[in-house]
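Each of the next two complexes has chain A plus one more chain, namely chain B in the first and chain C in the second.
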Partner chain A sequence: MKTKFINEANNITKELLEGFTMAYADQVKLAKENIVVRKNSKSEDKVAVITLGGAGHEPALSGFVGDGMLDCSVVGDIFAAPGAQRLFEALQLFKREAGILLVVLNHSGDIMSANMASQLAGRVGIKVKMLITHDDISAGLDTPDDDRRGLAGCIPLFKILGAAADAGKSIDELYELGERFNKNVATLGTAMGKCTHPQNNTIISDLPEGEMEIGMGQHGEGGGGRQALISADDTAEKMVELLATKLQLKAGDKTILIINGTGSTTLMEMSIVYRRAAQVLQEKGTEVVFGRIDEILTVQEQHGFQMIIARVDDDHINYLKNYMSNAPYWTAIGK
Partner chain B sequence: MKTKFINEANNITKELLEGFTMAYADQVKLAKENIVVRKNSKSEDKVAVITLGGAGHEPALSGFVGDGMLDCSVVGDIFAAPGAQRLFEALQLFKREAGILLVVLNHSGDIMSANMASQLAGRVGIKVKMLITHDDISAGLDTPDDDRRGLAGCIPLFKILGAAADAGKSIDELYELGERFNKNVATLGTAMGKCTHPQNNTIISDLPEGEMEIGMGQHGEGGGGRQALISADDTAEKMVELLATKLQLKAGDKTILIINGTGSTTLMEMSIVYRRAAQVLQEKGTEVVFGRIDEILTVQEQHGFQMIIARVDDDHINYLKNYMSNAPYWTAIGK
Partner chain C sequence: MEKITIGDFKKMFNQAYTDIKQREDEFSQLDAVIGDGDHGTAIVQAMQSAVEAIDKGAEFKQMLNDAGFNVMLQTSGSTSTLMGGFLLGMSDHSTGEELNIDQIKALFKGGLEGVQKQTKAQPGDKTMMDALQPAVEAIVNSESADIRTIMESAANAALEGAKATVGMKANFGRARNYGEKSIGYADSGASSWACMFQAFSKSL
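The block that comes next holds the complex of A and B.
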């Protein structure tokens, strides 16, 4: 039985992208089916920043296409990587001397498409450099980068890279800036309740009432084990400790803290979690220079959130805070 | 049993406002308990725009305090109007020759507090003018303004009034501008599923699986009657027809269209609904000049949305689109 506001299940991705680009027509448009680009493309002497990923995680990833952020998002069907051929089409659209930085979240389908499309692009002289994100720490603190998934930590990275690319940084400078962020960002997900696949109503994750799981991935994959629901403060403390340990945070570090709601979590709850998490970061002597409480990468109606902490340097802070973006789901900044 | 990420139920409002103002410290701060103001107050020769309302609807209303939008939001406990005394304290903070425009959503508790606080303010020479919103049409198309509730149509109104106030418009000009918008905006809510009160877990609204209700208010009040769940397109068409009839839309009108998610509704679903609604508005010969798909006023984890349509004139369009705001939950614009 259908339980969502949709039409034909097979048309979900096409229709949602049409609606999205109609609502934000001042900022974005569809260049081809499932290829979202800025309304006004930037000059070709600047590096293009492109990403790819399945639908079903809105506003990610296409909601962050816009001036000062992504140039293009290549979209697959619900929770499915776009095919290499479609990604190759997007790379062809952005062929330029300055090159294309392709940001890929570490999920096997996305990596496979990105590798194949990059090879196809290489054969026709399109310059592509891949930057892989793997901010999830739920597989364990000593897990090698390759075995860690890309979660919502990609969104602040898009902001940093997009601002720097628009400001004229070279592809090598952007890669270095991005890797410097990747080495200093860590994300952990927590969920309770259930959520469903919109096309077939399969239950993606299902936690009994009163239980929670820390370490949940964005397709419902289990991580750190189930436990009885604890308070928001206890949850925040436990998650900050794990993230701070991974990042080896120390007094004097400058940090950013983002609480990303994965679906039905209220901003009320996320604000309460943010409060205690920020307090703990301050108690550790770090300075939280940038905060966000928002839905930036969701998992349908999952009741849960991802906590993102990064140690940032002056470059990261500058590109995060001092440059505007008109991407539809990036809120304006304080300056 | 607790089913949300919270601590003590009685501390929810205090803690969420602390977390919110910590995350967005570049833009907002707490002037007193439950009184959210801009970080940098504007000059006293300009009209202050203030609103009030219960918590539990985040990001509304405090998420829209910031340069270019609200000067202040006075917050009550979950779903409860703030007391007149607290609102009076806020009015005292913003006493100025230019006056205070107090925007009140038409709900009995909020109206009562606003009336009492305005009287108290009048006695000590504080100039306050009240503007009441009543955009909900679910009580019927011929229902008098006083009997129609204020729903999420207040958010674009805040943007228009905030920009105009910052630009130096007088309190009478602002009142006229706002009333002109109020006469031309209409909102309708739709919901399915259930949602709960965060403090006592009472079920606020409870619709059996496979049923929906068009006309649902933001505290779960029923409206247009239950029906079997229909497709997103059929839902959009039905809602646009009702709203367009109320507004007596005609070819050539310029319109805005906002789909406001009330909690666990995915942006995926809301984008699909937006698509068909915008198509119908275009088929009617109106030009949709501004769109949004976002959570701007929620009802906890309610699965549903409010559709807001307004007929706008050049003043409204100008203040909506050509002025920046750094309010934490207002996304940047296309210019």
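The block that comes next holds the complex of A and C.
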């Protein structure tokens, strides 16, 4: 039985990308099937910033293609990495002397496609450098980076890298700027209820009423432990503590705080969570220099949110706040 | 036999494709013990893409490069990454239309290096590396002047390596989560790569 406003299940990705690029035709277009690019491509003397990932997480990742952010997003089917072939096509489109920075969220399928496509690109003279994000901390605070997933912490990273790339930074400078952010960002998801895969209606996460799980991945896969539902303040405190411990935050640090709704969380709930999280960060003596309450990377109708905290330096703050972007879903504006 | 031609090489890969296809289900069943049960399908698809390009080739370097691209672009998953790396590595260490014994040693050594760029797996981890590395070492270390003898020793080394995985505990990738439960079954990748080297030898 259908539970969503869709047509043929196999056409979901194609149709959603068509709708998206039709609505935001002043900012984005489809260069080829499942390859979203800016409407006006930037000059070739600047580094192109490209990412890849499965559909089903709207507005991520294609919603962040636009001037001042991503140059291109290569989209796979629902929750599935695009194949190396499609990614290789995109890399060919953006071949340039300045190079391509390929930002990859740490999920095995995405990494594999990215590895293959970049190797092949290298053999035909396309300069590609891979930057891998792994902001999830649900696998444990001591878990090596390789085993941590990439969650919504990639979105502020896209803003920083996109602004810096458009400003003319070299590929090595961008990589260093991005790695510096990756080392200082941590994300934790929490969820309740259930959500379903849009193509086959399989329940991809199912928590009994009255229970929640902290440490949820972005395909419903469990990460942390289940527990009885607690208040927004208690949830926020628990999550900030874990994130702050991971980042070893200390008084005087400048931080950003983002509450990302994963599909059916109200802005009301997200705002209440944000309030307490920001208070705790302030109580720790850190200065929250940038905040967002928004849906930036969803998991279908999952009721829950991801909390993203990063310790940022002046470069990060500058590119995050002082440069405009017209990416359709980057709704925060400059200072 | 002192040289192999492009024609011989095409026969080797076609034989490997045929033999692997025949044992497809067996490889998938082995994979189902400690993986997602798709290795048979994956290795058949990878070999099919490789053979498609190899059949069109006229010169070793270009042919193996095209085959590597074909495998990596047409199919996905770790099996094609490894097979693609093998072909691209061989391409980097070959040239011309026929290969003498020293060139064959360089070819397979290059193939192994190409796979090592894709995976950190070592012999003993219960992976395809348990078949590939001994096979390549047998080729490189052989003192024979006959290619048939050399490739036969490679086939034997690969087969022994694959058999030895039965007693190993998976130590790599997702399979390592199975720990002790992985003991008692041969690794699917080691088995299919051993099958490939046996077919190479048989075809000459």
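The working rule: the second predicted complex is superposed on the first by the 333 of 335 C-alpha atoms of A that agree within 3 Å, B and C clash if a C-alpha of one lies under 4 Å from a C-alpha of the other, contacts with A are read in each partner's own complex, and residues count from 1 in each chain.
In this text, a residue touches a chain if its C-beta (ideal position, glycine included) is under 8 Å from a C-beta of that chain, and two chains touch if they have at least 3 such contacts.
Here the structure is a predicted model, which is why all the values come from computation and not from measurement.
Of the two partner chains placed by the overlay, neither chain B nor chain C lies in contact with A:188. Looking at the shared chain after the overlay, A:3 reaches chain B, while chain C stays out of its contact range. Legend: residue contacts after superposition of the two complexes on their common chain; A:88 is shown touching chain C, with no touch to chain B. Which of chain B and chain C touches more residues of chain A: that partner is B. In the superposed model, A:293 makes contact with chain B only, not with chain C. Once the two complexes are laid over each other on the shared chain, residue contacts for A:74 go to neither chain B nor chain C. When both complexes are overlaid on chain A, the residue A:113 reaches chain C alone and has no touch with chain B.
Chain C contributes residues 65, 69, 72-74, 76-78, 80-81, 84, 88, 117-118 to its touches with chain A in the complex.
Chain B meets chain A in the complex at residues 1-7, 12, 15-20, 22-27, 39, 55-56, 58-59, 63, 192-193, 198, 209-210, 229, 231-233, 235, 257, 259, 263-276, 278, 288, 291-295, 298, 300-301, 303, 305, 321, 324-335.
Residue ranges of chain A in contact with chain C, taken from their complex: 81, 83-85, 88, 109, 112-113, 115-117, 119-120, 123.
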